[in-house]
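Naming follows writing order (A, B, C and D), and every chain is counted from residue 1.
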Amino acid sequence: MEKIKGLIDAPFTPMHANGDINLEVIPAYADMLVKNGLKGVFINGSSGEGYMLTPEERMAVAEKWMASVPEGFKVIVHVGSCCLRESVALAAHAEKIGAWGIGSMAPPFPKIGRIEELVKYCEEIAAAAPSLPFYYYHIPAFNGAFLPMIELLKAVDGRIPNFAGIKYTFESLYEYNQCRLYKDGKFDMLHGQDETILPSLAQGGAQGGIGGTTNYNGRELTGIIEAWEKGDIETAREKQNFSQAVINVICNYRGNIVGGKRIMKLIGLDLGPNRTPFRNMTDEEEASMKQELEAIGFFERCNKL
Amino acid sequence: MEKIKGLIDAPFTPMHANGDINLEVIPAYADMLVKNGLKGVFINGSSGEGYMLTPEERMAVAEKWMASVPEGFKVIVHVGSCCLRESVALAAHAEKIGAWGIGSMAPPFPKIGRIEELVKYCEEIAAAAPSLPFYYYHIPAFNGAFLPMIELLKAVDGRIPNFAGIKYTFESLYEYNQCRLYKDGKFDMLHGQDETILPSLAQGGAQGGIGGTTNYNGRELTGIIEAWEKGDIETAREKQNFSQAVINVICNYRGNIVGGKRIMKLIGLDLGPNRTPFRNMTDEEEASMKQELEAIGFFERCNKL
Amino acid sequence: MEKIKGLIDAPFTPMHANGDINLEVIPAYADMLVKNGLKGVFINGSSGEGYMLTPEERMAVAEKWMASVPEGFKVIVHVGSCCLRESVALAAHAEKIGAWGIGSMAPPFPKIGRIEELVKYCEEIAAAAPSLPFYYYHIPAFNGAFLPMIELLKAVDGRIPNFAGIKYTFESLYEYNQCRLYKDGKFDMLHGQDETILPSLAQGGAQGGIGGTTNYNGRELTGIIEAWEKGDIETAREKQNFSQAVINVICNYRGNIVGGKRIMKLIGLDLGPNRTPFRNMTDEEEASMKQELEAIGFFERCNKL
Amino acid sequence: MEKIKGLIDAPFTPMHANGDINLEVIPAYADMLVKNGLKGVFINGSSGEGYMLTPEERMAVAEKWMASVPEGFKVIVHVGSCCLRESVALAAHAEKIGAWGIGSMAPPFPKIGRIEELVKYCEEIAAAAPSLPFYYYHIPAFNGAFLPMIELLKAVDGRIPNFAGIKYTFESLYEYNQCRLYKDGKFDMLHGQDETILPSLAQGGAQGGIGGTTNYNGRELTGIIEAWEKGDIETAREKQNFSQAVINVICNYRGNIVGGKRIMKLIGLDLGPNRTPFRNMTDEEEASMKQELEAIGFFERCNKL
């Protein structure tokens, strides 16, 4: 199977002030991502508040992205939900509209306690879009599925034909590397933490990743990979340090889903509020965050429209 | 507001062998619960695999229960989901079809970390069914919302007019009692662990509860309350001990949602399989569970059709 | 083996202002506990900051208690530590000085992950004081040993001859009751949460317990048992509610080890500061706590010198 | 303050078959470490079962190491314990015998919940050996002290004069890097996970580390640093991958403290059993582990006597 090279962005879902989804802004959003070096989008995931959208909204968002991206720009649709039947329907829809791939994290409810349960869940979803690569999205801090990924790879190998790999959003670069080495790189291991792209590259092979802060800091993050590939370790370090500095700021504002979404407004692409139960930022908080970003020179280096 | 007396049952959602919901069996199910002393149902909750149903299925189940129960038998609809808009729609539907009340647990995703987030979530749902009592379903082991319930009561008091109380499925009888004592019993605290009905009664006031094992062991569980009210502590203890023995058995078979649902078949009301990612019991496991239940004399004392 | 009836107190370790242990106050401390209805002491445990004392200090404290209590007043010495050899020495010492019994919690380091490890640990300690009853002190919130206690009982039964029972400081009254029922009450299950004495009594059999707030609220806590035995449920409830109100207060002041120890000063028995890393209360905090205690009428009902 | 370059080893504590400490083997142990490229030892830590030794044993071990190492080979004494007074005595002893430095992890009991508590604990220990650098040993998986290390650095900066840095045994390379960047590298950040030396090097600056698998795999682990410094990324990757393969094996045998200690016997330096509650490996397990190690070619590449 094709392996992803470069960085895929996990977009926020644009909303109107009243909380309805705002599809109109997606073409401009897509243009911006292309322009700043991103290679695709992983939509309706955690950054996209996918679990907080209705199935109809998720399909509408997927269709709009499909209509907005240039050829070769990958659209991967996150179809995970607590309800397998809903996920199956979303997977089939993604295939029907021509998405490049699908993905799903473990259901947050019921909490997955065994590999066997997770495999069954992935299997039924993957089977609903058999022509598309399926990515498991490992983000145990969000759903409590602290399971060994090597065991998942062993279990799906030979069983789920379109299992492509893992979006790995967890701190263990050791486990990440072991998965990468599994059968000489049989599966596509997508790095999923923007704060450690460089250390991951050093370990080898991690050519692809999916980012959340790439929405506004994609140029610097793709720049890490470029610098590394040129052997320019000092530039790579500087860009990685800068990217961590940006993450330091959003950690003060409830993380990427809340703080990061508001940064989009600051760089010129207003994506509206978050859905309950997220607590939207106040104007005061926005001003304060802006100041912190200015202090690190963010607005000179951020994504451009 | 009216306080619930006696035990409300949390039904399983009946399914056909192919996994489709099976509405036809609900009238017999309702009759059985009435006959065995239950005072109502809390549908589409954790026992009912509510999160694993589509919104349409949840509505269909609710409508069928409404059409199947006698007057005075309470139907409380669990409307919680990860998607607030879906929950709001389910709440409005519950009100429209004449349900007695609604309830919701905290969303499993995103994990709720603050009372403020939880209040907002409950508030918007409760407002969608303003004429019905709203119960918060506290079951932190399932969704990670380990928040102090006294703080929740203080926060909703005066803010959510139809906030009726809490279904309390957690081990702290201390916290439970403190909530019960809040403003001399302003809120309805429904005990939510069948294994400790008796100790909870001793503490005072817990007249009502919502059970999961009441589906098949309701006679004994309601018998605990009756014995206690008559001052017959020895009978109450014997029945509580028996009920714990039943729970010991289901703990060997993946708990109430899986093991308990299969017990229904053994007592004559086949409710079909569980949905993925639950692992359905094998026939061998069923035979073994049956034996364990026989060993404690379960089938003489269980609910009768 | 003899089962404990009534409440055993877990004393604080008295200290001078400079942090040295203060043995001189122990006789008065012992007299006070006797006078207020306590049946013994469980020394050098968590309330006693046992892990924060040197082995020599622990022995000195044990000797002083032995010299200070009247006949029939039980002295149980907590000998748990991270170092088994130290615990073995403390156990042998306890036996030598004529203590009534010994006890130990699971070592906080290394974290116990299996029953087998815990049994080995208890076995070697218990063997060092073979003539004394050994109590396992289950307090998983403190040491992470969240293990099923029924499995522990099964594992020690027939293997550790002087294993007497468990001081159970955990919320699951279900598990507590199952342990109590094991082989018709073969082991002595000591209730270990002062906030739920009454519900535990209702469940049956729990005649004995070990308390931490008994240091200052022992009269009311023993009063719960007395009222229950007389069949006076209303008095038992009132006293249990009062005891919870006291616990509500100490929860505002870093719990029993810090807040509770300071209450001793307020009732006339200054036991000095806590050891690092506990944060000692400021005078301002003490004044504020005093006010909260006055508001619930504590000083009329507390232990008297 | 001087920063550590290269890898420090965390030795196991040698024991006789009866469990007594075995000091006689330490000189040969030291020679072996020197010969295989290690720059010092961090004794009586987690690998050394420090918490399972009596204070007298800890001092004896420290003295023997001091007598066994060549000039310039650093001896850092881990002095952490639950009892601050014991730690203070151990720190003073370390200074008296001329150790190069001291270190301590957070006490496993009581569990540290706040930076303020941790700072107080470190401060009093560091003050007992004022002429030695003090390292905080961050290993939250072992003691539950999941605290932000940047906050620790801010809190000790200007307050604990001999606070040298952190032995960082946690997965977050992001936090590690932020600590490293604090005030342009004011503190010495010692990398503490042998499985991720290479990614850490890429991030920059991590010249020093403390290893547990360096006891038997030190040549390869120091080889990672050497290859990186020469710009030979492929060799560095190969050695890091090999080191992970070794770690994969010990993970099958209860980790480094148990499995790793037994490897020492296989490479010719029998260090005896582990202390309770660790479960010692059976001969069968040893044979099986040996086979797994042979399969990856370990015995050709391991440390040599």
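Operating definition for what follows: a residue touches a chain if its C-beta (ideal position, glycine included) is under 8 Å from a C-beta of that chain, and two chains touch if they have at least 3 such contacts.
What you see is a predicted model; the values in this text were computed from it and never measured.
Number of steps on the shortest path from chain B to chain D, with steps defined by chain touch: 2. Seen as a C-alpha superposition, chain C sits on chain D after a turn of 180°, to the nearest 5. Distance between chain centres (mean CA atoms), chain B to chain C: 36 Å. If each chain is reduced to the centroid of its CA atoms, chain A and chain C end up 51 Å from each other. For chain A, the set of residues that touch two or more other chains is empty. In terms of which chains touch, the assembly is arranged as a closed ring, every chain touching its two neighbours and no others.
Per the contact rule defined earlier, chains pair up in contact as A-B, A-D, B-C, C-D. For chain C in complex with chain D, the residues that touch the partner chain are 46, 51-55, 81-86, 107-112, 114, 116-118, 120-121, 124, 142-144, 257, 275-279. Put simply, chain D touches chain A in their complex at residues 171-174, 177-178, 181, 193, 195-196, 198-204, 233, 236-237, 240-241, 244, 247-248.
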